[in-house]
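So, here's a batch of structures to check.
Two complexes, one shared chain (chain A), two partners (chain B, chain C).
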Partner chain A sequence: MSAANELQSPWLTWEKDPTASVPYQVFLDSVVYEREQERLFRGPIWNYVGLEAEVPNAQDFKATFLGDTPIVINRDKDGALHAFVNRCAHRGALVCRELRGNRPRHTCVYHQWTYDLKGNLVGVPFKSGLGNATGLPSDFEPAHNSLHKLRVASYRGMIFVSYARDVEPLSDYLGTAMRAHIDRVFNRPIRVLGHTRQFVNANWKLYAENVRDPYHASLLHLFHMTFGMYRSSQGGGVTFDNKARHTLLQSYRRSEAEEVAAYKGTGIRSYQAKYTLSDPSLLKGRPEFPGLSIQTIFPSLVVQQIQNTLAVRHIIPRGPDRFELIFTYFGYADDDAEMQAIRHKQANLVGPAGLVSMEDGHAAEIVQQAIVRDKDAASVVLMGGREVADEESLVTETGIRGFWRYYRELMGFSVPASVTKESESWTHASSVSQ
Partner chain B sequence: MGPEILAQCTDLLYREAAYLDERRWAEWLELYTADAEFWVPAWDEDGNPTSDPQSQLSLIYYDRRSGLEDRVWRIQSGLSAASNPPVRTCHIISNVRIAEVINDQPLVASHWQVQIYRPEKQHSFSYFGFYEHTLHLVGQRFYIARKKILLLNDVVETVLDVNHV
Partner chain C sequence: MDARELRFAVEELQYAYVHCIDADRLEQWPDFFTDPCRYEVTTRENLDQGLSVGIIYCDSKDMLRDRVVALREANIYGPHRYRHMISAVRVTGTEGNVVQAETNYAVYRTMLDPINYGSSELYSVGSYQDTLIIEQGVARFREKKVLVDTARVLSLLVTPL
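And now, the complex of A and B:
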């Protein structure tokens, strides 16, 4: 029995309508969590870890995470990027204890083992002994005691690393459609404005679903529905890369008449204009992008443009039922003072205190609370059908379906053929009953 | 400034805490001047709080009271799942002192802690830090013209709102 099958049964049953539902076990199980660390975060894919603008100069470093593994990215003396696991080869202590800085080499405080900016061990105190002490044995090889090195690549100033030796080139991993959007957002040099950090008591994949889900945005978010920043009747939709692992959600305004017509008869509370902002300056931005866009790069990166706020969000799993979310806000290096002020004011919309995004972390938590005893139950991800394909609609869960399809492939969770047949017949039955 | 002024300033801080904890939102807003600044700085990656809300990131920043009015509307509407059911808060303020007097307007420094309970999750947590209130005397009464809230534990538990700090 292969490892994949062992996980399939009896622990994991992905049986109910596998293309359009998710067994809650994947949000709860530590076995699943461990396998994600191995197959996703240390697997043959690229993981976002930071922006080049966060380490602009030679010898700059930044400490962050690859999955739940602490890592360091830095530039060497010549400005080339390197990345390694932030764990001393000696006794396992953190080598870098600051979030960022600039230094010519890294020294572990515990016994002062020292590494160069490529992660090579270059210094061990008392290596050759002291007095009667003999030091390290003669067969000790510094070259075999480097920091664990990671592959590193960047695209348009976004830095990705891979634990795997064999991984496709980063630009292929991102794909043509996703690169086109990254090119639009990172069209000129950026300036990092700052970071916010928050912990959410939920599985990280509940947030990964949330950011691939344009269906919830006008329903959950009070701010969107009240002030018309985002409405389900707007134009837009979902675009995938060719493996449907990454998604791009975009919305743009249509004429008022078209939107009112789209809502007629739906009876939902969206699009009410009873309250007007006491401080309308909040939404007085400058025209910059055609609408709103939320791009996700599998597994844990979100590139966000809401009004004039630009940010990358990094999802860091911290166990099956907790994740950290880091927003890195940015503008462009050529922003004038007024544009900077607009971006800072609109930062009130997103992040942990964000008028819009406050509800997202909370939504993930109330799912985690409710599913606790129902590993075998499963969600319904049927909005827009069972397809995983580009859609010109915001009322769809196709982005979530794409995420899980690729997730299952990497995790080795196969779907039995018999189950696929059943779900097809169910599709037929449900379409008749409507 | 004498002890009576410090007592008046302290009383204002305590009343603000009570209005927030008792959700007396209209009275809370009434403590602020219309052009009051409300500022919770973010921390940079070097471990320093940001010093200029116009050119650096904040956790919350409004340059006029109306921004707070929108926050209050949001909380009171009951329509945001993240703010309803409401959290219970307990603001504790101490070490109150007049740090500076500029044009007869006191800058009042204090230490604070807010205990927060989310009944939905039966979960308690706390935020803590330092306040700076700049007070303006209008007639016989002090109003808050600027409030700077330094949040020392800036890794947020899911959400952060104006009544959590």
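And now, the complex of A and C:
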């Protein structure tokens, strides 16, 4: 009751256009943040946590996060993947204290309780006592004291975990449309090329919006235009899965004449042909994929393909006003030397110093800075209308609307029955009446 | 050039280099490099795993110039200035006029935006792993590898380290 009440009052004051605006409160409240950990990151969905290529061999492990919960993924001797919460069943210490490595079992340093790669408790020092010491009571059951195990599934080499016991199969969660794109990107064995990390002073959902928003791409990211890579007049659009929780943004070039014509007379600063690269080798690549694609898998994964740069981005919430973004760049195992060099150089386009995309974290931060006092105010997410539907346009915020619709559903806020102009309040669906 | 002169030339280059960046004279930054050159910012995390992709990789002076044009004309970020603190230089090898040197750095970033105006924080620490060429008493970087300990980049990295 108390949790519901804490959420109830501020949310009930919110009455603005629920399908096309977002109350700033969701980016500020620790109560909302706590509920996200419970209902999203520990909820009945799948969360991306790493690549199989990061744990290629038997006994390889990687310490990572499910929401803000530290977890471990590792590969058993038979090749199977297992995941568990990185917390000793004994007194709660972090069991795995390295980022990556290879171990036949995991031993907590505190009292050396030891777990196998499935997370089963296999060793307790002095379990049967020593001298006058009696050890653990006879009713102590090792089987009930394993690490907290998570469901694990992987699709095309991307590893997802779920805290929930009942969760639809991963392939259903991803859906046909999203799988089709993943199949294209992960069409053959990959090779990890590097990692970068970015720490952003903003709520993670501001980034989740950003990566579902093709509208900003040509307006915030001026490198594209400055050096002639991208305009809103390019072709492209937004594709959803059937629940509109995941999004695929794609863009591709039209003819130069068509693009210039589309911009003429708009007065938008973004069309400027004034600069050229002194070293155009940066953008020299090979035809590999049509255009550019940014795919988001709810809640915390982005799969990006920008020219020949391929990367996954893992969004890790670190409190209501902070998140971390981990980029893992990859190519294919069969890339020849020239292709490796192309990917190496084009990695300049993305990541924390990415010429094309460094601004995204900053955009999230300047929102977080400005909304500080106005929880009741809300953003406007009307570009392209109020609909949540596939759209053949880049000037749209439909992807953001889809994200919030599914977010509200998981968080237990009512989803408006229609997507028309009713000004229905974002009432609390399940616990308001308690 | 004896060892003392050589060290002096390397130190002068390091001082001039960090001062140029801290004074926001970034248009001159590429001139500290030979052409071709290599300027790389990567992390120990990647280096230890033998992974090639890091934060920045430029293999020509023109790529450095393009970075500066992008910073001035295209990229959007919170206005800020750097202060580099650098350690004594350790010359780790010499062969003719080619010198290898390692220098630790710490960069404090001071924000100049209206929200965080005047706040300074430790932004990045790491090591410069440099290969320099000394010609007519003037040293330039043929390769500058910025090996970053602070893998967790605060917000973004636009001003060179």
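As a convention for this text, the second predicted complex is superposed on the first by the 402 of 434 C-alpha atoms of A that agree within 3 Å, B and C clash if a C-alpha of one lies under 4 Å from a C-alpha of the other, contacts with A are read in each partner's own complex, and residues count from 1 in each chain.
In the analysis below, contacts are C-beta pairs under 8 Å (C-beta built on N, C-alpha and C of every residue); 3 or more make two chains touch, one makes a residue touch a chain.
Bear in mind the structure is a predicted one, so any value in this text is a computation, not a measurement.
*Asks:* Based on the shared chain A superposition, would you classify chain B and chain C as clashing or fitting together?
*Replies:* When both complexes are placed onto chain A, chain B and chain C end up clashing with one another.
*Asks:* Is A:A80 contacted by the first partner chain B, the second partner chain C, both or neither?
*Replies:* Neither partner.
*Asks:* Report for A:A389: first if it touches chain B alone, second if chain C alone, otherwise both or neither.
*Replies:* It touches nothing on chain B or chain C.
*Asks:* Applying the touch criterion given at the start, work out whether A:A180 contacts chain B, chain C, both or neither, answering first, second, both or neither.
*Replies:* neither
*Asks:* State whether A:L130 touches chain B only (first), chain C only (second), both chains, or neither.
*Replies:* neither
*Asks:* Of the two partner chains, chain B (first) and chain C (second), which one does A:A377 touch, if any: first, second, both, or neither?
*Replies:* neither
*Asks:* Just chain B (first), just chain C (second), both, or neither: which does A:A337 touch?
*Replies:* Touch status of A:A337: first partner only.
*Asks:* State whether A:A347 touches chain B only (first), chain C only (second), both chains, or neither.
*Replies:* Both partners.
*Asks:* Would you please give the residues of chain A that touch chain B in one complex and also touch chain C in the other complex?
*Replies:* Residues common to the chain A contacts of chain C and of chain B are 99-100, 193-201, 220, 222-223, 226, 275, 277-279, 281-282, 324, 329, 340, 344-345, 347-348, 351-353, 355, 358-359, 361-363, 365-366, 369, listed in rising order.
*Asks:* Help me check something: in the complex, which residues belonging to chain A touch chain B?
*Replies:* My answer: residues 54, 62, 98-101, 193-201, 220, 222-223, 226, 275, 277-279, 281-282, 324, 329, 337, 340-341, 344-345, 347-348, 351-353, 355, 358-359, 361-363, 365-366, 369.
*Asks:* For the complex, give me every residue of chain A touching chain C.
*Replies:* Interface residues on chain A, with respect to chain C: 99-100, 192-201, 220, 222-223, 225-227, 275, 277-279, 281-282, 324, 329, 340, 343-345, 347-348, 351-353, 355, 358-359, 361-363, 365-366, 369.
*Asks:* Name, in rising order, each residue of chain B that touches chain A in their complex.
*Replies:* 40, 42, 44-47, 50, 53-64, 66-67, 69-71, 73-74, 77, 79-83, 120-121, 154-161
*Asks:* Which stretch or stretches of chain C touch chain A in the complex?
*Replies:* 41-43, 45-46, 49, 51-60, 62-63, 65-67, 69-70, 73-78, 115, 151-158
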